[in-house]
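The following block contains the structure, expressed as structure tokens.
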Amino acid sequence: MFELGVVYRNIERADAETVAALGPLGSATVHEAMGRVGLLAPYMRPIYTGQQVAGAAVTVLLHPGDNWMLHVVAEQIRPGDIVVAALSSPSTDGFFGDLLATSFQARGARALVIDAGVRDVRVLQEMGFPVWSKAISSKGCVKATLGSVNIPVVCAGMSVQPGDAIVADDDGVVCVPRQLARVVLEKAQKRESLEAEKRDRLAGGVLGLDMYDMRPALEKAGLRYID
Amino acid sequence: MFELGVVYRNIERADAETVAALGPLGSATVHEAMGRVGLLAPYMRPIYTGQQVAGAAVTVLLHPGDNWMLHVVAEQIRPGDIVVAALSSPSTDGFFGDLLATSFQARGARALVIDAGVRDVRVLQEMGFPVWSKAISSKGCVKATLGSVNIPVVCAGMSVQPGDAIVADDDGVVCVPRQLARVVLEKAQKRESLEAEKRDRLAGGVLGLDMYDMRPALEKAGLRYID
Amino acid sequence: MFELGVVYRNIERADAETVAALGPLGSATVHEAMGRVGLLAPYMRPIYTGQQVAGAAVTVLLHPGDNWMLHVVAEQIRPGDIVVAALSSPSTDGFFGDLLATSFQARGARALVIDAGVRDVRVLQEMGFPVWSKAISSKGCVKATLGSVNIPVVCAGMSVQPGDAIVADDDGVVCVPRQLARVVLEKAQKRESLEAEKRDRLAGGVLGLDMYDMRPALEKAGLRYID
Amino acid sequence: MFELGVVYRNIERADAETVAALGPLGSATVHEAMGRVGLLAPYMRPIYTGQQVAGAAVTVLLHPGDNWMLHVVAEQIRPGDIVVAALSSPSTDGFFGDLLATSFQARGARALVIDAGVRDVRVLQEMGFPVWSKAISSKGCVKATLGSVNIPVVCAGMSVQPGDAIVADDDGVVCVPRQLARVVLEKAQKRESLEAEKRDRLAGGVLGLDMYDMRPALEKAGLRYID
Amino acid sequence: MFELGVVYRNIERADAETVAALGPLGSATVHEAMGRVGLLAPYMRPIYTGQQVAGAAVTVLLHPGDNWMLHVVAEQIRPGDIVVAALSSPSTDGFFGDLLATSFQARGARALVIDAGVRDVRVLQEMGFPVWSKAISSKGCVKATLGSVNIPVVCAGMSVQPGDAIVADDDGVVCVPRQLARVVLEKAQKRESLEAEKRDRLAGGVLGLDMYDMRPALEKAGLRYID
Amino acid sequence: MFELGVVYRNIERADAETVAALGPLGSATVHEAMGRVGLLAPYMRPIYTGQQVAGAAVTVLLHPGDNWMLHVVAEQIRPGDIVVAALSSPSTDGFFGDLLATSFQARGARALVIDAGVRDVRVLQEMGFPVWSKAISSKGCVKATLGSVNIPVVCAGMSVQPGDAIVADDDGVVCVPRQLARVVLEKAQKRESLEAEKRDRLAGGVLGLDMYDMRPALEKAGLRYID
């Protein structure tokens, strides 16, 4: 777990078809299907709204103010991957800008999830390269200290293994362990299929209290109504 | 104040006409008319910009990670209400999404103000349901512990009584005590009526120093100009 | 440094032509050209995106919840200036709104950079007056205590002298010392001129590892690849 | 609620004997007896440890960086009171030091609870005057703007009415509404009387799982043990 | 990884002798021996200073405001263990007090590391039960929702596996993966053995610049001395 | 201001006798004598309480996670100096421990003020070496990137020039510009001489309202008493 200066070239990625199907379900539905776990801390925000992506995680561990390993990870990207960048200590510096984005995009990366800052955000939006980050900052980086690529990392409080499925949208970023991706997809699809009908009933004025039959449990818990 | 598991069904709401008139004045003008009090902490932000609403507060006290009482409060909403959700302990979890928004909208709620997180933000914007929150998060909630509805709460550092008038826009959220709503409206309207003329004079190059006759007070306080 | 109640009327401003040329280069490029220093803390964010400005700093030191000196600084603004407002103690109150913006704009100010809050943000956007701030808040201010104008200040963790060049965009705010403005401009332009070619090569699939010839240094540092 | 510039001289205080009995029970037991509400935010910390006090709240609303009203509130202190100071906007400045503490102590105040900073902390400890605060700071205050005394306030996220009972120790600060003080005392004493026996049983190796008979509920909730 | 409602009874613990030897080396030396990784976020602080412990991790995943699983984990404690409690979402509530500490101590637990709050801190100190936590808070917990015991968790930003070695003192908390414990111990002991001599030389006035032979590297990096 | 890789060997230090006299007056009195400016942010806390020191500032600019320059600054320390360490970007890593403290102490340093973390805090206390820092952390540092020594820095939000007088105690850290040290000392001594009498009068029950003759100003400001 604590290897530094190591690049794992061959990782097993979550099944591409499964990953592709998780994307449109969105982070909230997938997170629920996981049993309400897997969400990165909500300080991770998209640098521009309206994006919804899914991909296999290629991980990288960076040191504060040092983006050397982002160049190393670029070579390990395969089409459809999402780079997940963790920090060995907190930093808001701008680790990633339009040049690296051009390179990532050329390699087929679908997005970047980074527990630090990025810059050139206007250009990134023009390029259509989605990023979820902790900060936006002009502050540039040195290239001095080795980190690692494709080791297990903790990104924004969540454990991410190389090859896990990442689902990200305006609500946040969820990590689905590779081995669970298919099961989670099935649960999420089932959840999704029930939502349309629920929405119609609620729109028609039915209360959740009745639709979910909550009144007996609330009464049992001691809820009192006072006029 | 500290009742748990209680729902007050009959609350006195701020006069609807007064509330309606407060909305277009905006949170800054209303807050000034209150004597510069009543503002919720500025970490309360709209999940999408450009909204300006006013309504009577229907309050709810929630526990971290538990949104059971949002279903209970839904039943107490009357057209034009704004639900004000307080937390017994800080939380950024996503307590509210598109299904609850559909239900709130069907009941006539004008907005939600919640000292926690919400999700499905893209859909909420498409629905045109305005929310002011502390966070955006995919993290869902359990339904396990009773809170209360229509009790006095502290939301984002401000005391809110059921029935108070809430004014919210891109600048923040203000709570106007029900009994003061009319007086505050009059003061706010007076303030507003003076602004157009001031703006014209300032646009014409007149300085605030002269328009507000600040020079004598500044001199008396000891301000020195050095060339 | 610690004068209170003083207004310096005559300050030497960074050369206007140099300042004008710094603007389009953007905060990230200018910050790099400075040797990766000069950036204000990344909590300073534009109140609306898409702005890119440069100007000479007119500085003002304010006290928490007291915007009296913003009226005093207004008189010292010359066309093309950017007002840089520092606080003697942290505050998120709304020190600046549409009336002051009208006055600043009438005096020719290009922008405001303030280590506190502002309000009327929708109107400010309609007026096209750019602001970088720490917060947005309806909370208004008193006019009771003297600060100073055009003294050296610390704004968002960065030292700013009156007359320094300020460059601000969606990535953040950089302060370029007046005496270094020309040198920094030249370095920034050189940097910029190299970027187009780099971008083309990266877009064509060349890796930064090769373009920057990083492999030997990585190997020397001990990077290991594992298949 | 939003009166400024008002001093209420006659407030009804929680019964002195009840307050005195609440103190030794401690904030955790009292908070539990309240139904787990009433606690000020945990950023409120004692400036030195080992103190445990209770008293009736004399409230004061202050503005950031302005401690004028602490002199006004001093006159309203009666022996056994605890001054509860709220802020109209967040501040970490040092509002209170050894001179004010000398005055408060001479008036019979038992402690200060302040949602801001204090200074002279070494002398305060030597004097034996307990303070719970958000910060420690040398930064002094002006005396320029009116607040109010003995109005309802929100201190560290909790609503406090003048005359409420305050219980504070190393675990935090709890506010007990005046009208509930006696009931809460009885519940807290009952709780307390059961603790000694529980502690003995747990010390003897009995598990909470068995002592509280939790196993059936855990099993019903679906807990699985895996060897 | 994302199992809820599961208790693993049989975990492999780091070798007891190795763990015992790691303790006196302290968190800083062990963290260095790990290659400067493994440290929990520095907001984890001892509730009283002067403690230095090591033990095998028994992990537990808790939900905000719910300490039910602390009773479940108590049964899994073996003498010499350190309980490491992670949260599914941030919370500062008081999950642990003197009763649970009595139970943990009776089971042989050496300490608690919890990414949340605790209470009864004065009693815990009197009992001599060490705790590292994020907060101190009187706020009590419900017992409503299942978490898990002895699953991998992320505590204060660090991944912890059941059975890992935990080293904690006034400088912080380090997690040493079980499989690496012996290697890390050896490296840490080597480091330690060199420190005494270094300290003597530095105390005698030798500079680190010379002792570590840093001058050539500094010169090569371009350091300039100006008289 | 923005030189990197530079060490100024000859700086003018604040007069030693003046600095020595400032120490016992304490940070609060000195800060008041400065006109309530000069205080570093209150997150700067002593790692152990009860210290009160003053000295001339030797400054150093560090990069996140890199303590190379602390070895460089050690050589520039003269007896009675206080090292003031600023960061180019925020960091809580442990930059300083017992070995560097041994070296600093051998060179005659009186204290360290660092806008980052330190470690070995128990040993530092045993050594009697005072430190004011933002954090305590076991996390060690690399030695890779040049900073500078004895350049102007911003430390914890305050501008510090090499040679300025630093006064630090349990209330915080104040920076007195070298050129103002004597004037500030005189004002601070005058302030101090008046405090004893004031304290006696307040202890005797005289109110600040009367001692400072505040009643007329309060009345003029509109304060109303309500019985």
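Order of writing sets the labels: A, B, C, D, E and F. Residues in every chain begin at 1.
As a working rule, a contact is a pair of C-beta atoms (placed from the backbone, for glycine too) under 8 Å apart; a residue touches a chain by one contact, two chains touch by 3 or more.
Values in this document were obtained by computation on a predicted structure and should not be read as measured data.
For the pair chain A and chain D, chains touching both partners: B, C, E, F. Centres computed as Cα averages put chain D at a distance of 31 Å from chain F. If you average the CA atoms of chain C and of chain F, the two centres end up 28 Å from each other. Of all residues in chain D, those touching 2 or more other chains are 36, 88, 92, 139, 142, 145, listed in ascending order.
Viewed as a network of touching protein chains, the structure does not reduce to a path, ring, star or complete graph. Contact between chains, using the touch rule, shows up for A-B, A-C, A-E, A-F, B-C, B-D, B-E, C-D, C-F, D-E, D-F, E-F. Interface residues of chain C, counted against chain D in their complex, comprise 63-65, 88-93, 139, 142, 144-145.
Taken together, the chain F residues at the contact with chain D in this complex read 26-28, 31-32, 36, 39, 42, 45, 49-50, 169-172, 174, 195, 198-199, 202-205, 207-209, 212, 214, 217-218, 221-227.
Put simply, chain D touches chain F in their complex at residues 5-10, 68, 71-72, 74-75, 92, 94, 97-100, 102-103, 105-107, 117, 119-122, 135-140, 142-143, 145-146.
Here chain D touches chain B in the complex through residues 1-2, 4, 34-38, 88, 152, 154, 157-159, 177, 180, going by the rule given at the top.
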